[in-house]
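Structures incoming, each one as structure tokens.
Two complexes come next, and they have one chain in common, subunit A, joined by subunit B in the first and subunit C in the second.
Then we have the complex of A and B:
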């Protein structure tokens, strides 16, 4: 189980020769959520919302500025470098760009074997073949280099590498965004079946709501470093309460030429710079329900509007 | 990229073939010097005062020097000295420069700052002047000349390797390796180094020529190779006093330097084209 409590990741913005810190970029600002074993938590939001940073900070690929992350009740954020290395095999990550996530100078075999060698596994050859088969590749791919494979095949290799050490938790950082639609479906199906077989827990980061709907059990919507809405898939998708969630959902294309219901709330404006976020509710400049004096004055609290359904809006449940 | 493809690109350009052929010829000449040189003992310094300053002839195709030694033999033997110096200087500079650059780029922060300020100190001097200074301090001789050149040379490779390391360390496969708990030194060796080294190799190939040239300059100024060792720079230096009446003495070793430097530059261009056609030439 993964528990994230008040996670913060600020990046310093420096200036001049002496690298004086002039301000902080609050990429992740007080984010809390839980993922139960075997569950998929979908983290959605536009680019720049801090969803990838959240995923990386949970794995301590970035050092958190504040907050705590628990993995099976072990506080990851408090571990020393050695202790962290011992727990690393249990938590892995898969990236968006399948090509740049594989070292072009290594063969597929060496790429998958690397973690096995690092942790002194035996029968590496058998294990690599087993992993290749598990992700739908075969022995013939082992001798090849990444540039000889297709994007989808490379992503399978990345998955095989992530699975090599028998992880329990995977951060999937837009794992299908760079792939063709037909290949997307294959990779999603693979991820889905691997989860069922191995009982994996996923943090699924994506800007593609359609893909999240397919895989996620719970959904969190991020905006400028904050979670603005969180709940089960049905709660968030069928009964969105935050104006931003509604805006995002209305932007999913509907595969029906007769449906022309897009007018209700098309996405307007762009995400403001996280360097200089709006005061009060960070969403207020784009919000169709913006109330002066309220929304731009005070930051809303996360309110539980129904069991497990949390919304960060002054007018949650009223709109 | 596969090997056949690399060879195809290499042989596409006539100048590349020329450069490569000259280098191969030079290496063969250096290895076979005792067989090729008509007067090996003179090449190594034995004077032959009866035949001082003879013009080129069938007996002495490049003429003889002020001690009557066959210039052709000495030029042939000089190939050994030059190649050894060029290779040693570049190898030594790479050995110091590349690891430092990778460490600075990969770890960043204070480490980077420290290493880069040190390279700045070295780079602030005009290249040959610094080598001269070090050679003067260390004393005359070939080994000291090599050390002096390498010490003034490594910061270039540090800069280059650092720049590459900074760009490569941001790639997801490096982060993936960190996520797997791979040790930093293994990440540097397995992921950063192989993906940063191409421009360094190109630069090093071209620098072989420059190193030979600078070593010749040191010899010319009396700080490098000492007589009677056969060395092109030294021969030009000794020959300059006889230039007006006995032109062959400094001209043939000078030509040898010229051809060798050109050949390494051509080869460097070729290597760059093979390794990365998009790579830009670094202006020195």
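Then we have the complex of A and C:
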């Protein structure tokens, strides 16, 4: 359904009053992956890894600097504005903060009806009620305003709005990060059942690996604008091969005191500035397996270590 | 173990435009010397208000009653002058967002030595030496950091600076209010390890406030679970995870995604109630599968169900009608 080839998104960094370009921030730097029909691809990484920028560039909410994105074999990156508008209903996005993504001056009804009106649908009222029901809300919520609803309910409204035009593909950008765990579970279960009922395809962006484990089929791990590891859920979680993936996985607090990790000091340093990333492998200054002359000299290729399991490391499969 | 802090029947009401919010509804808990006590709960359950009550930092529209005994003395009876000597010296606090806790206009050096000179009564030169020692203890390059402004440091480094400042006068209690919530997981791991290391080194107690049961499982010795202004359960960490008693605790544990395996999540019904008009009796009763008549009538007391394991629920006794 989705094919991303060598996607790049660079942001110019300007300085001074003449806005002179001084350098480029390579937020997404040569990222390639595919998402199959009906599948959930989890994109994980820490702040500044480029996971959200990847999601937005795929939808052309940002214009890519380079690379191609295909949606059902249509090259999205080559479409004109007009053609893009025609295809937009099929691809939607849900953001982290439901309060700021809903217009506070519109009622819930109007928020959900807006895309339907924009695309000239009929029977708007029936459709809105149907959508409210699909996300577990009722007719009485339709007259309310966003500030009268809880965070979880607002996120349900955002989901209903995203579903209004019968999309095939949804980018979920940290959809539950602003919610409490008990509400998060409700929204995750909702996303899961909507996917099964409607055959939706998800790009699920999250920093929370527990949530990704719950929802994703395949996982890609990002670090400073690169995908460093990609594979099925079990490949990446049970047999992580990139040293960064291992560091990330061993940092997650496990909700089980018996599994308390005694291993200390597995995390070395902090993420460097994306404005001035390290040469060679961007992870080398923090890598416990760093080999001078190799890791700091040449950027590693993405290597397929086992079927469907790709790792961007000079020593993939050897560590 | 000896008690360091005892909170007894703490009630906090806030006068608001919409009515009186009954934010703490009789909180009871004890923190022992040298332990890490976790206070866990969802948004609005009162965990941060509990922390602020201890330091008497609540806004002026708050009405407080009950007792907060610190080393045997009731903090609620202290004068403002006496409290000022306790805050930052005996009891320190670090918050979620270190950027807003640091003054953006001053270098770290100026902010740190101010605190040290005030609490320790040291000369400037000695204060700088002390600041350097503290920064080294939290794993920072002391000279560089002292001459930096807060915005020049990363989130993890800023939180380390806050910890260094909090420890500057060797407090007996460190309150950490969601100290790693704004940080990435790898940095969170570093900060939690640091807090545990320093605790063992300097022998203070920690009140760790968090919404993350994973963090609780990793670092806490004992845990208190809060719901809508009440402590509903207290136990040693392993006991709580293995043998949760309160229906809310059970619900909470069943919705935490586990990164080790894909498991179905069984969400609780409904959502957290309004504290201006909270449910009668047990505040959890509208969401509880075990609700009986008594639950609507009277608030269940926190009872010791098994040694060291406290629960406030009629399923475990306290129901006089039975």
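The working rule: the second predicted complex is superposed on the first by the 315 of 319 C-alpha atoms of A that agree within 3 Å, B and C clash if a C-alpha of one lies under 4 Å from a C-alpha of the other, contacts with A are read in each partner's own complex, and residues count from 1 in each chain.
Basically, a contact is a pair of C-beta atoms (placed from the backbone, for glycine too) under 8 Å apart; a residue touches a chain by one contact, two chains touch by 3 or more.
A quick note: this is a predicted structure, and the numbers were derived from the prediction, not measured.
Engineer: Could you classify subunit B and subunit C on subunit A, in the superposed arrangement, as clash or fit?
Structural biologist: On the shared subunit A, the partners fit.
Engineer: Just subunit B (first), just subunit C (second), both, or neither: which does A:186 touch?
Structural biologist: second
Engineer: Quick one: classify A:35 as touching subunit B (first), subunit C (second), both or neither.
Structural biologist: In the superposed model, A:35 contacts neither subunit B nor subunit C.
Engineer: Would you check which partner chain A:236 touches, where first means subunit B only, second means subunit C only, and both and neither mean what they say?
Structural biologist: Neither partner.
Engineer: By residue count, is subunit A touched more by subunit B or by subunit C?
Structural biologist: C
Engineer: Is A:103 touching the first partner subunit B, the second partner subunit C, both, or neither of them?
Structural biologist: Touch status of A:103: first partner only.
Engineer: Quick one: angle from subunit B through subunit A to subunit C, Cα centres, nearest 10°?
Structural biologist: 80
Engineer: One more residue to check, A:172. First (subunit B), second (subunit C), both or neither?
Structural biologist: In the superposition, A:172 touches no partner, neither subunit B nor subunit C.
Engineer: Kindly classify A:89 by the partners it touches after superposition: subunit B alone (first), subunit C alone (second), both, or neither?
Structural biologist: first
Engineer: Enter the shortest inter-chain Cα distance between subunit B and subunit C once the structures share a common frame, rounded to whole Å.
Structural biologist: For subunit B and subunit C in the superposition, the minimum C-alpha gap reads 10 Å.
Engineer: Quick one: which bits of subunit B touch subunit A in the complex? Just the residue numbers, please.
Structural biologist: Contacts found on subunit B: 171-173, 175-183, 186, 190-191, 194-195.
Engineer: For subunit A, which residues are in contact with subunit B within the complex?
Structural biologist: 56, 59, 61, 84-86, 88-89, 91-93, 95-97, 100-106, 114-115, 118-119, 158, 161-162, 165
Engineer: Touching residues of subunit A toward subunit C in the complex: what are they?
Structural biologist: 46-47, 150, 152, 180-186, 188-189, 207-211, 213-214, 233, 237, 247-261, 264-267, 270-271
Engineer: Where on subunit C is subunit A touching in the complex?
Structural biologist: It is residues 42-43, 154, 156-157, 184-190, 192-193, 211-218, 237-238, 241-242, 251-253, 255-263, 265-268, 271-272 of subunit C that touch subunit A.
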